[in-house]
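Shared between the two complexes below is chain A, which pairs with chain B and chain C, respectively.
Presenting the complex of A and B:
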């Protein structure tokens, strides 16, 4: 079995988000980076499927040289090798990202055979375009199911459960397929120390695709009001009661 | 909350230090104390919030050990201390030797029990360790883990409950206003507070806050990496945070500790990663907290390997995951010690920064005592914020030394080890000559001082067997037998010394005499031209310092003190100035050369037409004389116990003075002598005491054997305490001991370097009635007396000449004898030489 997982390096936000001066990107001066949480579940699913069925797993990303950290993180969880489409750090739109990935996937499939499943996050944690997985599926002429909370292999098909309002839609699609998944699909494991150490020597194939002129342009970002507020402990037990009352009074409910 | 308009004291920073300081201030009686933090409570986001919170007890520094032990006691009283024990393991033979040194420090500072363990014994206590990679371990059962956030909360709440403290979280300081050199007001996001005193306890932010008042706190934020792995099957169902001893893997600069069901792995092994306080994000922008930076995996690769080697059962377990990994930010200083005390820049502005969790409450208490009583019970001279010389407060210096010091956190640091970075800052005018003579330079207060001169190697042959050779690598490090040869050349003929590192300041004006009288124990109302060596007493009558004061005129005194204590001495004198007196720092205006030895007078006489005979120029006097075209101030005193002078000259004429004396000295066999002679061999033979070694606030003048027959009539700081000490039986007496047999078990001669415990013949610690243990305060060769000399405070019962005792060194015990109880010199006890 061959499985690919596509991931994106995104900033870890927790506090109030700051924008760059031109308001077209997040100021990452104080931020660390990770792969999008949805994609973590895609990686975990890929690792589980290969653990159960044997085979080859590949993680792909399109991103700056530092995105190799996220590739190593995925390999620390058990992915076998990585393909890094290196950029100069500029954000690519969904269309160009998909076409670069498509080219890399085709090249890998030409050499090693088709991927049974290609996982994507339903959307990236930062730009949230919801496009790349679908565009890649379209390019490959494969079925695509999105927003998945459960994936079960059934012979040469895969049963996909999609979360919808009030319930779940279930699809069974033949392999090969492209699946975009959401957080909650599984509980991703933490990398073990031996896993991290193995990841250091796993192969990363690097290429540098050229960025086509974007057809989708990001004009500006805005931080929603109230974002970044933090929870605060008012105390514990009986002694906290006056503080709670004060909060409720200020809120006008008392 | 609404801030009060006025406060006795504003404490900025709610980490472990601020909380405990505020608590102790109120416990000691202050009210109207306000504690601020820009972050929320109970974890405002500083280094306390992500600390690993474990406490090892033993440090080679007495001061740090005392602060740590006091902290442990406070944590225990608060009920937040879990004793787990701690084992420092060794992978190398050098480390095993270091562990035996730590055993000795434990005995010196009274940390009991401790034990050296075999690998199998370590394995018994830490069953998940691979004992085959270690050679042994140093076990301290009293090591433990604390909840520092909880401790801070409890202390804060106690002070609040007493009605003495107001706490204002989420209140950021915007400015500190200073008027006439004194702190007046703190401006915050929630309003202004008039304050008599302000204390900066905000850890890595301290330099930024100090800067608002125009003061400097030399520290730098730096990264300490830590990961948490789990769940560890062996720790499943753990009943407390920690049930196994914490392991410090000293040779890899790492530690591993159980944290509930997980294992925490920390490192001081990575490259130094330094930041500026301005790099820290505002509280609301931080993903975790402002002092938890994103983990940089690339800096932790080797560490994973090392942890895997030591604890393969846990670290190698594929089911155990890395759950949390941070680059935690903590404070580093240029010399590794905290920054405590009143700023020399602004009156009323205090600092308690670069303090780690392990010494937090002890520091809070000590600084509170210092603020209220003028002195803390624990001598804090190594942590005094006033200790820094100007260049030592620069960003470049702080970063260079912090970077160099970071990897020494678990290092094997020789007591004489020299810093490599940022050297050659202060050079004597005759530095070029010293280089020509092959000087080996040690640093003092930024000055490059010759410790010995390689060009003196031929003297080794001349003095032959009179020089004790050292074969053991440890004692040979940062040392040369040439020091002893230079010593003998001085005693036989004469030596020329570079004394540029002195800190020199003049007290002038109508209030000069009153100011100096107030600061000095001895009578300084002497005729102009007299030199007075005097202790400077602390509030309790212990030693703040010792120094010499020359009276140069009715209203003109020159104070000369060592470079190390120079800046804090300067602050002390400035604080005692009375109206009409001024302090003028002359350190960079004058340079000093010492000329001592039986031929010193012949040499000096050949350069001057002034009368330098004993009749005309008595010991303990100073005057201006002409040496060729130079007018110099010659002062006839000696710290090496020989005839001679300290000669002061404007700095630009220093080279000429050196050359003149050098040429004049050649026919007399003058040798250039390093500080190895001045600071150790010459001094120890004469039983002269040194500040920071024998002289600390914990010991008084009587105990040090330095009481004058009479006390001056004039008042001085803590006269009452001094008079009381004179009435008491001293609890300890400073003694000079000599080593009777240097041979170790394997037959090699070993030489103690200082800080080792002194034990009775049956191996018991010697503890005086005030609880102070006996240890070697200074150690070194006495080439003229043919002995290795140790100084130590002993109880009156043990302080008997001829009494036989033991010294513990590198895991073995050596016989020593009390040679002198009190201050009588071993060499030339009648002092005929200096008075010749």
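Presenting the complex of A and C:
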């Protein structure tokens, strides 16, 4: 079995987002980075499937040289190797990201055979374009099911549960397939120390695709005005309890 | 100029329709035109209808399904797609304002393409009361487009109060300290008929199931009162609170972002304060 997981490096934003001077990016000077939460679950699922069925797992990302940290994180969880499409840090839109990933996946499949499943996050934490996985699926001519909270292999098909209002919808599609997943699909493991050690020596194939002119072109970013909340202190400690109950009563919920 | 709108029969769809009217005379195609739901078949029907109308733009609500179908339309017709916009202005290129980070950032962008594909972020654009657009008929779907189609349904697992629709949510963060620490949160929630929520730190630690998580990658809530206990208020969490009418924050750190973004704050140890609120609620019954 061959499984791929595509991830994106994003900053850990904390409590307040600060922008760069040109307002075209988040000021990440004092921020750490991670992979998008949905994608972390895609990586975990890929590792579990290969643990259960044996085979080859690959993690792919399109991002700056530093995104190798997130590739190593994925390999520390158990992914076998990585493909890094290196950028100069400029923003790539979803359409361009998908075509670069598609090309890399095609090249890997030409050498090693098709992936049974390619995992994507349903949407990235930062730009939230909701499209990269679907575009790659179309490029490969494979079925794509989105927003998954549960994935179960059933012979040469995969049973997928998608979260909707009032429960989950079920889809069953033949393999190979592209699946976009959401946090909650599983609880990703913490990387072990030996896992981190092994990740350091796992192979990372690097290429540098050229960035086409984006057709969804970022101009500037802005932090939206606050919701106008003016925090009123109800006091401190247990003596504030009656005031909290008064808030509940006034809101008509008590 | 004609535009096409994918309608789901929700407020979010009416908001998308409102924005669509700025671009031209709208026609509608219904999300439930094919039953059970088959996203590729709907995308194919949209592509066909948009060509037939020579539509300059296609709009949908920025719901899970709206975004999914529009991304499929974009992939199928090789067009750029702007998800979760709160404003859009016709032109060449089209100017859009879209949300990032679950609404914590706004992006001004230009959309270049012969046909604009746009979804409208729910609850961001007021809906007008204009006329309902004429609906497009759709032909029988191609078998290949029915490969991905809903074939079953699983009912929600927990019988408790639904987080998304709860009138009151009592939510705990890292400050709760442990899985067992949630007993006092559950007690207060039980007294108030409230849903229990939590932050991402809590689900990552395995203290609560992901179905309890409020935030950008969890559930978006819209209660009358949201009581946040020991939650710092990272942007990831705040993205799930935009619909909350009143936020009460309980935290030992008065400078925690959630304390600064709440309506009411109580400073101190939640392990003492939450049981005291429960005791006070009991007095009122």
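The rule is simple: the second predicted complex is superposed on the first by the 223 of 254 C-alpha atoms of A that agree within 3 Å, B and C clash if a C-alpha of one lies under 4 Å from a C-alpha of the other, contacts with A are read in each partner's own complex, and residues count from 1 in each chain.
One rule holds for everything that comes next: contacts are C-beta pairs under 8 Å (C-beta built on N, C-alpha and C of every residue); 3 or more make two chains touch, one makes a residue touch a chain.
Values in this document were obtained by computation on a predicted structure and should not be read as measured data.
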>> One more residue to check, A:30. First (chain B), second (chain C), both or neither?
In response: first
> With the two structures laid over each other on chain A, which partner does A:182 touch: chain B (first), chain C (second), both, or neither?
Replying inline: second
>> Is A:113 touching anything from chain B or chain C once the two structures are fitted on A? First, second, both or neither.
In response: neither
> Is A:216 contacted by the first partner chain B, the second partner chain C, both or neither?
Replying inline: second
> Is A:89 touching the first partner chain B, the second partner chain C, both, or neither of them?
Replying inline: neither
> Just chain B (first), just chain C (second), both, or neither: which does A:233 touch?
Replying inline: both
> Does the superposition put A:13 against chain B (first), chain C (second), both, or neither?
Replying inline: both
> On chain A, which partner touches more residues: chain B or chain C?
Replying inline: C
> Of the residues on chain A, which ones does chain B touch that chain C also touches?
Replying inline: 13-16, 230, 232-233
>> Quick check: in the complex, which residue numbers of chain A touch chain C?
In response: 13-17, 26, 37-38, 93-95, 98, 123, 125-131, 134-135, 137-139, 143-147, 161, 163-174, 182-184, 187, 213-224, 226-227, 229-238, 240-245, 247-249, 251-254
> What part of chain B is in contact with chain A in the complex they form?
Replying inline: 40, 42, 229, 281, 283-288, 293-295, 297, 301, 304-305, 307-308, 315-323
>> Show me the residue ranges of chain C that touch chain A in the complex, using the header's touch definition.
In response: 37, 39, 64, 67-68, 70-72, 74-76, 79-84, 93, 99-113, 119, 147-156, 164, 167-168, 192, 200, 203-204, 206, 209-211, 213, 216-218, 224-225, 227, 232-236, 242, 245-249, 256-257, 259-269, 272-273, 276-277, 279-281, 284
> What does chain A use to touch chain B in their complex?
Replying inline: 12-16, 18, 29-33, 69, 72, 189-197, 200, 228, 230, 232-233
